[in-house]
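As structure tokens, here come the structures.
Consider the two complexes below, in which chain A is the common component and chain B and chain C are the respective partners.
Moving on, here comes the complex of A and B:
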């Protein structure tokens, strides 16, 4: 069902929805950037439409709603444990096409990779989506190459801010009833999507083993500072570490926490006995890139990377991951 | 050259130099904060070619000196300087009269937050703001602004050194214990952070507000405080008698108080300057050596409303080399 409604009406619909759902959307955090007076766009709960940033790509991804950066799972003391409280109100997440494709990858990792992860699952069951259309490609996007430029259908409604008003493709009956109070149904609204990006990548069908030892990775041992920003902003990176914390003022009490982890950051491959694999940043880069465009596909049939380009946006060392994909493609052809 | 009859005192106060080359002078173009628009710089070039000897001297205090000017051409140079003075928004006592007063020196600023990743405030803007408040002034005072504790502007050599600070804000829910802030604080700064039970603890006494943690945190667990803070250091100097570095006066000062403190110093100078000082000039630091810091502090803190966060030094003891008292 298509609707084109005035912005004021749209704002009211969002306010109504905020009473039914926790709305989770990209917002501008003023001054929260690395440098003075630079902003960051990241996800947070909103109650009004005006808080939502529609005209820019978020710097950090929606995944924090499903896999928080830091989360207490339970508390323990002596013989008892107690689960941490959990907010089970339904969530409505504003996301773009690439993000919705990323959800599929997160589902594969947490729900289709052996036993389900209950901490993911309990959140996943609460989640609904609003699709934010992309009239234009942003910097560094390469969704077309990754085949993620057209969103899967499972959203309640889509949003495109157009000159004529807010254009929405409404799929959900209950939400449609809300829209009908504000305007006539129009024949068709197709969510905006891009058909071409400035950045294009070539994906290797097969990555021969020789690529794993190719000198192309050496450059990144020098250039990459293993900060892990590329992982923390990625909508498909989902690694975490478990921490058992014993409170300092009472050794009989503590909590189990899980926090985000990054395959680029020191400590990721540390094992008991002091061992550590992938010490060089070039090796970490190889692991990350091949995981994103090859290894995940080997197991799940689709590439993990969705081409949002956030890693390129954020890298403080101006390392372009999409450029590395193309290098891997060339090296794979040579290695055939 | 005809019969030169020049009032040297007036010449100096008009920002021209008394040169060792008889009959010549140099025009001193004061550039508060060290930022000049390209068109004004072109004008400076033009003056150097037309009236000077074709070279331009970049001064230690971010100004420009145009040497090789005939003493007779001073009025013409002043006329040509007018658009530059206007573009730099310099307080002037007489239109077309050139720069008034050269006692208080050009206010220095490092690039600060306009360019530098570590800059905690817009140093140039603050320098220009203070310039508007204290110029023109014949008293010998040096003010310098630097964006962070790296002190690239070497404000510890100035009478008033202003060092930018931020108070790091920590959101434990965004922290993933990667330890990068701890590591970089230790390696690039003072080592004020430790990881305790997977979260970061900041030693607030040790922390110098440099913002290194904010720059390096990959998840935005550390962000800058909305307020800009300043460390004010006082009375550093070079010179013959007792060169020394400026010492800490206030940590976590606010902008308004900082401005007031700099302005307040002039009333103190008027009251206590040595009436027999050579050329009526006495560096403020030497005056304080005579009266004691307490008096100076009383004057500069007049009507200053510091926030409760500000830590004010009770007393200050300067070091440095004493060549005058063996």
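Moving on, here comes the complex of A and C:
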């Protein structure tokens, strides 16, 4: 059902929805950017539409709603273990097409790879989406190349801010009833989507083994500083480490958490006794990039990368991941 | 839905001391388990560590543990009669049936003997024991594990026991496991099976020697050790290429394993 409604009406609908759902949307954090006097756009809970940033790409993805950077699994006391409780109110996430596609990848890891993950599943059941249309491509986006520019259908409604008003394709009955209080249904509204990005990548269908040992990775041993920012902004990076802590005031009590982990950062492969794998940053880059565009596809049938370009946005060394994909494509052709 | 992260209590039935750092903890456990599979030993407030099953018996499993880290240090504070939390078994494990009727060489180094102990045991109880060769290496005589088993294997199988460096009073073989491979009196290396488990460098050079001897990739089986936080295919640490060591391994045929580049 299509609706084009004035912004004021849209704001009221969002305020109504905020009473039914926890709204999780990209917001601008003033002065919290990585450089002096710069902002950062990241996800947080909102209660009004005015807090939501519609005109820029968020620097971080929504994944923390499902895979918090630090999540308590259990609390330990002397002899008992208690599963941690969590906020079980339904969640409404404002996300763009690329991020909605990312959800499928997270599901594959947490629900299809081995037994279902209880902690993921219990959050996953609460998740609903609002699709934020993309009238224009942002810097570094390459969703068209990745085939993620058109969103999957499972959103409650879409939002596009247009000159005529807020254009929404409403798919959920309960939400449609809300919209009907503010305006007449119009002709179908198609959520805006990008059909061309400035950045384009060629994806190799097969990556021969020779590409894994190709000298192309050596460059990143020198350039990459293994800070792991690319992993933390990526909507599909989901690795974590188990961490037990003891409360300083009482050593008999503690908790087991899982915390976000990065395959670029030291320690990711450390085993007891001092062993570790992939010591060079170039090897880590190869590990990450091939996972995103090949290894995950070999296992699950779709590329992990959704082409949001956030890793390119955030890299302090100006390493272009999309450029690496093209290098892998060329090397793969040569290796055939 | 059951929560796979919740460990269950298991009683320490016995502790077998091999060296100052390495003990086998015999843990109560009833259920299906294969040699080469592993359990997560879970010590609340300290963490979890993946440990290979080094023995399987009626109502118990053996976990041979080296005291080298935060979790394993704490494991060594536990005594017979006490309980520890474990979860598992995880991984694919060895199919010992593959080797019983075949000419087979098992090469194991250090704690790598743990995951293959069940395989060697099966061979030593099998019918055709003349064509079973076992090469076991340790750093020094002081680092030897499973001394009682080794004595028994020496009686039943063609065993070569070696150490990297001797200590005073030691009279056995000295040298790396790799140097004994070419002399194995195999009837047909092209069809013979091999199992190789140990530190990465030892496995690398052992496979080179086996291939020099005439072994083919499909007949070589390896077991890998990687960092793991879950054992359930979720944490991502153990992934190599499109394979998760915890789900698809840790036991791999070498024709598959050789395409896994860390």
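The rule is short, and it goes like this: the second predicted complex is superposed on the first by the 336 of 336 C-alpha atoms of A that agree within 3 Å, B and C clash if a C-alpha of one lies under 4 Å from a C-alpha of the other, contacts with A are read in each partner's own complex, and residues count from 1 in each chain.
By definition in this document, contacts are C-beta pairs under 8 Å (C-beta built on N, C-alpha and C of every residue); 3 or more make two chains touch, one makes a residue touch a chain.
Note that the structure is predicted; figures quoted are calculated from it, not measured.
**Q** For A:73, using the defined touch cut-off, is the partner it touches chain B, chain C, both, or neither? Pick first, second, both or neither.
**A** The second partner, chain C, only.
**Q** Just checking: does A:35 make contact with chain B only, chain C only, both, or neither of them? Give me first, second, both or neither.
**A** first
**Q** In the superposed model, does chain B or chain C contact more residues of chain A?
**A** Higher number of touched chain A residues: C.
**Q** Touch check for A:60: first (chain B), second (chain C), both, or neither?
**A** Touch partner of A:60: chain B, not chain C.
**Q** Could you tell me if A:232 is touching chain B, chain C, both of them or neither one (first, second, both, neither)?
**A** Once the two structures are laid over each other on A, A:232 reaches chain B alone.
**Q** Contacts for A:116 in the overlay, against chain B (first) and chain C (second): which applies, first, second, both or neither?
**A** Touch partner of A:116: chain C, not chain B.
**Q** A:290 contacts which: chain B (first), chain C (second), both, neither?
**A** After superposition on chain A, A:290 lies in contact with chain C alone.
**Q** Using the touch definition from the top, say if A:272 reaches chain B (first), chain C (second), both or neither.
**A** In the superposition, A:272 contacts chain C only.
**Q** Once the shared chain is lined up, is A:318 touching chain B (first), chain C (second), both, or neither of them?
**A** Neither partner.
**Q** Show which residues of chain A both chain B and chain C reach, each in its own complex.
**A** Shared contact residues on chain A: 241, 243, 245-246, 261.
**Q** Using the touch definition up top, name the residues of chain A that touch chain B in the complex.
**A** Its residues touching chain B are 29, 31-37, 40, 42, 60, 68-70, 227-229, 232, 241, 243, 245-248, 257, 259-262, 265-267.
**Q** Under the touch definition given earlier, write down the residues of chain B that touch chain A in their complex.
**A** Touch list, chain B to chain A: 113, 117, 119-121, 166, 172-180, 196-198, 214-221, 223-224, 226.
**Q** Any idea which chain C residues touch chain A in the complex?
**A** So the residues of chain C touching chain A come out as 1-6, 43-49, 66, 68-69, 71-72, 199-200, 225-227, 229-230, 232-237, 239, 241-242, 244, 246-247, 259, 261-262.
**Q** Touching residues of chain A toward chain C in the complex: what are they?
**A** Going by the criterion above, the answer is residues 73-74, 76, 81, 83, 109-110, 113-121, 209, 212-213, 238-246, 251, 254, 256, 258, 261, 263, 268-273, 275, 277-278, 283, 287, 290-291, 295-296, 298-299.
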